[in-house]
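Take this structure, written in structure tokens, and hold onto it; I'll ask about it next.
Labels run A, B, C and D following the written order; every chain starts at residue 1.
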Amino acid sequence: MSNQSSVEIQTEWDIVAARQLGRNVAKELGFGTVDQARITTAISELARNIYLYAGQGKIEIQRLTENGINGILIIAADSGPGIPDIRKVMEDGFSTSGGLGAGLPGVKRLMDDFKIETTLGEGTDIRATKWLR
Amino acid sequence: MSNQSSVEIQTEWDIVAARQLGRNVAKELGFGTVDQARITTAISELARNIYLYAGQGKIEIQRLTENGINGILIIAADSGPGIPDIRKVMEDGFSTSGGLGAGLPGVKRLMDDFKIETTLGEGTDIRATKWLR
Amino acid sequence: MVQKIGSQYKEILNQYMQRQSEQNLYVGQNFSRQLISENTSPEDVISMHKAAMQELYEEMPDTVWHSFDFLIEMMINYGLALQERQSLLQRQEELRMEMDLAANVQATLLKTTMPSLDGLDIGLLSVPLRKMNGDYIYFISDENGHAGIAVADVIGKGLPAALCMSMVKFGMDSMNDSMAFPREVLSTINRIVEKSVDDSMFVSMFYGRYEAETSILTYGSAGHEPAMLYRAETGEFEELTVKGLLLGVSPMATYEEKEVELKKNDMVIMMTDGVTEGRTAEGFIDRQVINELILRKIDEPAQVMVQYVYDELVRLQNAELSDDFTLVIYKKV
Amino acid sequence: MVQKIGSQYKEILNQYMQRQSEQNLYVGQNFSRQLISENTSPEDVISMHKAAMQELYEEMPDTVWHSFDFLIEMMINYGLALQERQSLLQRQEELRMEMDLAANVQATLLKTTMPSLDGLDIGLLSVPLRKMNGDYIYFISDENGHAGIAVADVIGKGLPAALCMSMVKFGMDSMNDSMAFPREVLSTINRIVEKSVDDSMFVSMFYGRYEAETSILTYGSAGHEPAMLYRAETGEFEELTVKGLLLGVSPMATYEEKEVELKKNDMVIMMTDGVTEGRTAEGFIDRQVINELILRKIDEPAQVMVQYVYDELVRLQNAELSDDFTLVIYKKV
């Protein structure tokens, strides 16, 4: 079972809209305040990456149910330049030390599951899931 | 100018008494709430080290004035076994990762100035200062 | 400075207190980022929060203010942990620089020159998992079209492996014989490794001796990942298996050798286990996958093939390699 | 689990709200330590705080609860920084283990056997500043009483220096000639170093060839700290100066050599600059100090002398060495 909705990211305001969408869904699914804030932060980070590095793209939020457990899936997709060195962007301290934000390692930590696919010149697709425990 | 007072450390209650003394002096000197808490934490850590590793010793609190600036000096003195490897106890993550507390690197960070003298079999003398800015 | 941050905080908090909107939370969180980058401790954040609340809502019960004092006390150790992170990041940066320098030294020490041989198109890629490569390729060649290639892998990674590898290189240098056969090369290097490193370090090695005139590759292996032979005529792959113990196990080890004659568009694909032992969420990547990747670029130059195989395997493994990666293709043209 | 922590928190907070005593803050701070060690994020602390306050004081204005929600949002990035610290600590621990292992590999790779020569008492000590030694001693000897000793120092410390040293060792191994004279040895190793490492890496080296039959030491130096000669007859020390460029500067470098005949109780003291360039609070330690230390143990075996010099120099420098330390004494007996 899944149920989806999405926000196109083009301006900084769209980041806020994506956050709002994610927070609403998280709340409806029954996530607590702290987890709502974590999910929203992850969305924020992904949307901001699209806004800053890809120019435009889409954040999609899906409700998941697997083995009777509910969860939320964030999909961040863009057709930007792609990430030349994934290992580098997944490294601790690479983006955060300059105060640039949580970065992708942050998103990975905020969520339970994290997958990234990127092709140079074609774009990037990131999927992050959090389960309701 | 200096003005002192001290607490003998023998039981865990004495740690609390040393904290109280330090917090009172810090407050009187005009340190804000956060700095009061930092100074108190540093005292707590030093007193706890005496209690755990030296068995007994003394925490002394002095008021300092230098070039018109007020400050607080914590002296932690014991005649315990001394520290065999100072480089090791001053290393990050050595004491903190196990949740053992801030350790000596923590005390150093909480205060402006930190000095340690230790002799095996004779004891340890630690002095830490914080200036009122 | 602190005062400026405090009044910014108050302003942002006030906006949120007026209207609990996502927009105001977003602004708050961006501000928290800035605070972290300026090394503002969490206890300072609580303290600013308390001060802002006191200015905005004077009439609160004392309980509220006490509750913030308690939180400040709770956050002191969190603040210390955060400062520790700062110094760990710095130390990591220093180590990174030392490792970079060491990796350069290693690269210069171990440099080898790809031979240019009549009728052979060579593609080569060797990517270390961390800074220092524990895989190693050594070439030797002469003007008469004889060329040797050693593909080696130290069991173990990182620094210890890298140190060990310099030994293999100096062993090959001291033989200095482009016409040597695999069984001689492998037993010589085996004796050096056995003598020079402790019992827990082993090296696997594939050695291939190619003669341009006859297009014959003679090969031997010391417990190394088997090379693959691609026959253009049938479009099929076969493993080049050959017996031999890992280097460093026993000074008495002897090595088998076999030969294969390459025809036009045939390929020999040499690799380390970092190529074949990748894992995806679905399990290990098997040789079938690698063969298919090669087939997709079968008409391209050897260098394009190795790069494509690497890129695709990285993608399949979600960028999480677990070993040094070395792939060499000899393509008869 | 989380619930248990929550109710503990509420209890501790409640105590503090009843009475704002130092005792209760102490309990709270000890609890915060436990929370950190269990990886509880600061946003979780705020959330527990809010929940506890809600249970303890239902009647608070909504503003208070909103204010905590805002704090939770502010703390998310702090929580991430804390998790990053955790993984940095882990990585640091891994690196430490890797360095230890690498130091072992290096020690095994570079091991050398002290020769036993008629009429010569040898003392030797080499202590690295950090994990990896950038100083190196190499011995070669035969049954006819010929022995060579190389004392080398890579300019630079740590990892890059250690990697470079393996090259010197393999160079010496490949010469494998205990009768070789310093000028040949130094020029051979010079060419290897010059060829194999980049332009920023140099090695200083002292080479001594000793013949037991004649008691003659022939020596040369590639920009290395001069050795000292002690004459038992006069009780005086003199420097054994000899010209030669650092290894790796120019492939054309040539090396001078000189010889000295050792009489009974004469000594040759070889060292790296880590011995002579120590600093005390009063300034550099000069050779005079070292000579005096040796004189104090002049009737002891060579090994006792080197150990004594080391111990005393460490004491003088307040245990803060600034370079790798290597000292060798040849004493004619």
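In this text, a contact is a pair of C-beta atoms (placed from the backbone, for glycine too) under 8 Å apart; a residue touches a chain by one contact, two chains touch by 3 or more.
These numbers were taken from a predicted model, which means no experiment stands behind them.
In summary, the chains found to touch both subunit A and subunit D are C.
The minimum number of touch steps linking subunit B to subunit D comes to 1. Averaged C-alpha coordinates give centres for subunit C and subunit D that are 27 Å from one another. Averaged Cα coordinates give subunit B a centre that lies 45 Å from the centre of subunit C.
Looking at subunit C, residues 25, 29, 33, 36, 69, 73, 76-77, 81, 84, 88-89, 91-92 sit in touch with two or more other chains.
Residue numbers of subunit B whose C-beta contacts span two or more other chains: 41, 92-93, 101.
The touch graph of the protein chains shown belongs to none of the named shapes. Taken together, the chains touch in the following pairs: A-C, A-D, B-C, B-D, C-D. The touching residues of subunit B, counted against subunit D in their complex, run 15-16, 19-20, 23, 40-41, 44, 92-93, 97-101. By the touch rule above, subunit C contacts subunit D in their complex via residues 13, 16-17, 20, 25, 28-29, 31-33, 35-36, 42, 45-46, 49, 53, 57, 60-61, 63-64, 66-67, 69-71, 73-78, 81-82, 84-85, 88-89, 91-92, 95, 98-99, 101-102, 104-106, 108-109, 156, 158-160, 162-164, 166-167, 170-171, 173-174, 196-198, 201. Against subunit A, the residues of subunit D that register as touching in their complex are 41, 43-44, 47, 50, 69, 72-73, 76-77, 80-81, 83-84, 87-88, 91. Taken in their complex, subunit D has these residues touching subunit B: 22-23, 25-26, 29, 33-34, 36-38, 89, 92-93.
Interface residues of subunit A, counted against subunit D in their complex, comprise 32-34, 37-38, 41, 92-93, 96, 101-102, 105-106, 109-110.
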